[in-house]
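The structure's right below; bear with me while I get my questions together.
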């Protein structure tokens, strides 16, 4: 197997990006694309000169397809994961696995014993800056980790339609930060405290019972402390910072700018342009690296880099966060 | 009154600094110094060529002394504040007012109706960077404040002897951050959650029932969110950052370096020397500005910049933090 | 014409990069590749699944090829440019046009009246940071330009074999900075002073009569001042800075880092990894943007962004620099 | 001798600053002040509660004065230096020694054999950042020095009256950069090329035959290259940067800001306030450190840190720069 032949299921904004990455990646070939809305599939099909299939089963039945990337709506993820596994095709599935933790747990049970690689789409783990932070921690550069601080703010409110179905800020947005926290802490958080509010648009609270601004504190069994803060609207661009503070030092994976032009005049110095606007620009390398990781799992039998269980545990943290918001207590994480 | 004539009570490390600042300040004169340990007083007396008094009452009885700066041990603060007030001398007193909130409340009651200026020694409010942050917020630069994040880490563990009497990390160290939070939030926090641990030296927990590493979340009535993190030991220097995030933007008051030398070689770029080591260096301008503020209250009848009640409320937050650590709950602040 | 079909002549390191970019670019198709050393052509031919031709004439005679990219050895550039023009195929040719200014001038004469687009490979003009600097200047952000300072240092000495045929540091390396100076100054330099030396490896002077370290001052008719400094060996990575200083302010297009990880410990703060190593990494976006510009000239009839004359004038500056090094005088530029 | 008792001659803006520094410095006492315009002397006399003398000879005749600081008009420097030496009082004299190199050379001859310390007021050598750069170079951090780049721009044009008597930009302003170059290069420049122009205000050229914008290249005997650029008007504050580039790396002593507040919104990130406005703010620590150095020469018999000859050589470079501007040649420095 020279190049991994991958089919993309779900051709929305993220699916299109994945399709393009697979087309570009030197170790993958884009086999075909599918979307329940065939227009979406055809658009990317034309752009990349690749087949679009009408029936998703064509993908699972096709022996010339080695693997599947799932970026369809969240409520279809479990089905497509299970179908991929049944067809013995490694699958890279976008987060979250599902908004319903019970369904995720049931799927988890059903998949016990499965050996087909399932990689979850937590792209941020593959960001060069965040990876260098983790690498530095593993190297002992900062000694024992004491505090992990994750600042994660989106550049603007998503549409009301999106918010209505997104599953809530903790499950939809913070889920990435929960995964980042687990990745950096190197051990499971055992307790969580969270507050949330709708400070940007109060209707998000009054009408959707959701939030746009939140803060979290988590603790691990060994006492490591982790803070997460989220906002849906950072006017200055997508704000993505990870700080690891330890007994011997600190590392900060800071924001990226579109270029390094600095401006100076009588009012200011070192003024720069807003940060890269959102995840597709900011995590461009990360998304490509996640494909590389998927390929290495398939071709070199490396262990899965982000497992189904990683996806499940991030969701468990989100559930515990909701519980804490309600109870006002430092909740145990099961 | 051309220059304000000030006596300094308490000539330890901080008292000496204050004495020097009063000597340097163009609007103040150092009248005399006192320390219960006369050696300390005499040292600074010789250095600055100023009288040292043997009996502290000489200060309160002296008509040629306009005001008093108190930097004696914490348990003497209330007494000296009350004596200053009785002698009708404005007083600038180091934080905290006392470690015992009951004593502070009793003093607060006794002082009701008092019109003699009492300024509390929360030096950080006067830091040019933090002041510029507050100014920017007041100007509307960042719109409505949504999140305030205070990172505050000392450069190394204090001595065991100090830790034994310091009154606990929340009362001794975080007290400054509680004041900074109140200063920046512009409204009172109404709820607090806190965790703490001894990750640097476990004996601080096992023997002193104290902590060296902590995290806090507070919320105001209008929903503003505030996170504080503290460590007693940041190897890279005194880490003092304040971030204000709002609906229209963000300001960060960042750390200061001793100079701006950047180093580049095959291993790194833009490497700089550790941050200024501790509060006397880092907040040099702030301490001097706090004298200026004290002088303006006296000479120009400006309102007190940091009041007795500010000192009391910071301590109330510390008490509520201890309660939350015990209960694991989001505690109300009375 | 939907996509511009481009053939690549010369498949060395830069030719391969161009071939990949043309393959990736959404508005271009890689038609075929050619290298006098057919092994090179076949390597990239296999990688990108594209024909390699044995005889370069097949390119010029092929009606299904719309344009040509020339990245063959310098001494073949003029021939391939003229053949492209004869075949009415727009050509994007790597710098320099030739090492011999007389040959360049002769070609220039022969091409008078030509209307087929010829774009020169001065990639740096297309760098987002440098472009933003130029844009800011054109916008009036910095008022009248007074000084332009270009720092340009390669990350390490090239091979001896390369140095022997490169044509000298001013023609091979500084040529980019001459073009950048002209691009930024917005008017022609009329005088130049230059010094050069072999401080990294003295044999470069004693055996090759060449240099590795140099400084230049140029002046325009209106009095604008420009400084260029070059070194062949910056241990900290490819150093590419442009500073524009004017009557109302300044802009600096600064270096790029591979990511934004900053390290802190008892020895340092804000330490970062060396800059991107060399031009292929540093100017990745610039190279791609130069293809876009070439496409816009072809499809939208936009004027050529970097003309043959731009290539010629950069070489004239190099010649004048050599003259100044010899004479020790502020030489006129003809 | 406990504290060095110093008299200040010349109480203009810089003299007043020196008087205050001497008053503050823990190892010096301000003995008295003198200014030919007695009002100036009395102003600072009242502020610092120190005598002002009517006749400057009182200073040289007074046995209770240990040393002299000269900050009177330039054309009086030589006289006061010689009077100090005659009175056996160490002298710290502001730059330049004189605007007339012949007078300086004559004085130099007359002073041969003198052992009374004469320190020149090149304050920048004592700046913590520039000193750290030099220290790093001496330590071998950057290997052999290849290029030194000095950017030095004043925050705004001085008054016309000042310009008329300042002696020309090279002698008045660049003199500091010539000294900095010599300090950093560690060996004498042997050749110089310079251009200058009046780009800010053309009348400076047409009416005063002077300049406001200039560039210089110098070379040492071993081939080290040095670039200086100057402007009289940087809208963004006093721009003072020194870059040392060597075989193993680089150090940059960068600009200082009044504080570290960074602003972020939809238009920009990391925007900061203009740099410290001018030399008294920017070089505050440097001026104080220069007093310390003077004291160490007197009390500890350390060698003079900045000698009369350093002052003379900086002026020789200025003279050679003028010669080069006229001749358009790389001039030898005698």
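Things worth noting here:
Every chain is named by a letter (A, B, C and D) in the order it is written, and numbering of its residues begins at 1.
Criterion: a contact is a pair of C-beta atoms (placed from the backbone, for glycine too) under 8 Å apart; a residue touches a chain by one contact, two chains touch by 3 or more.
Keep in mind that this is a model prediction, so the values were computed, not measured.
Of the two chain pairs examined here, B-C and B-D, it is B-D that is joined by more C-beta pairs in contact. Using CA-based centroids throughout, the chain positioned farthest away from chain A is D. Averaged C-alpha coordinates put the centre of chain B at 57 Å from the centre of chain C. If you average the CA atoms of chain B and of chain D, the two centres end up 39 Å from each other. Residues of chain D in contact with two or more other chains: 235-236, 248-250, 255, 264-266, 273.
Taken together, the chain C residues at the contact with chain A in this complex read 24, 26, 47, 127-129, 132-133, 136, 141-142, 248-256, 258-266, 273.
Interface residues of chain D, counted against chain A in their complex, comprise 235-237, 255, 257, 264-275. Residue ranges on chain A touching chain B, taken from their complex, read 144, 146-147, 149, 151, 153, 191, 193, 195, 197, 199-200, 213-215, 217, 219, 223-225, 227, 229, 231, 233-236, 239, 245, 247-250, 328-330.
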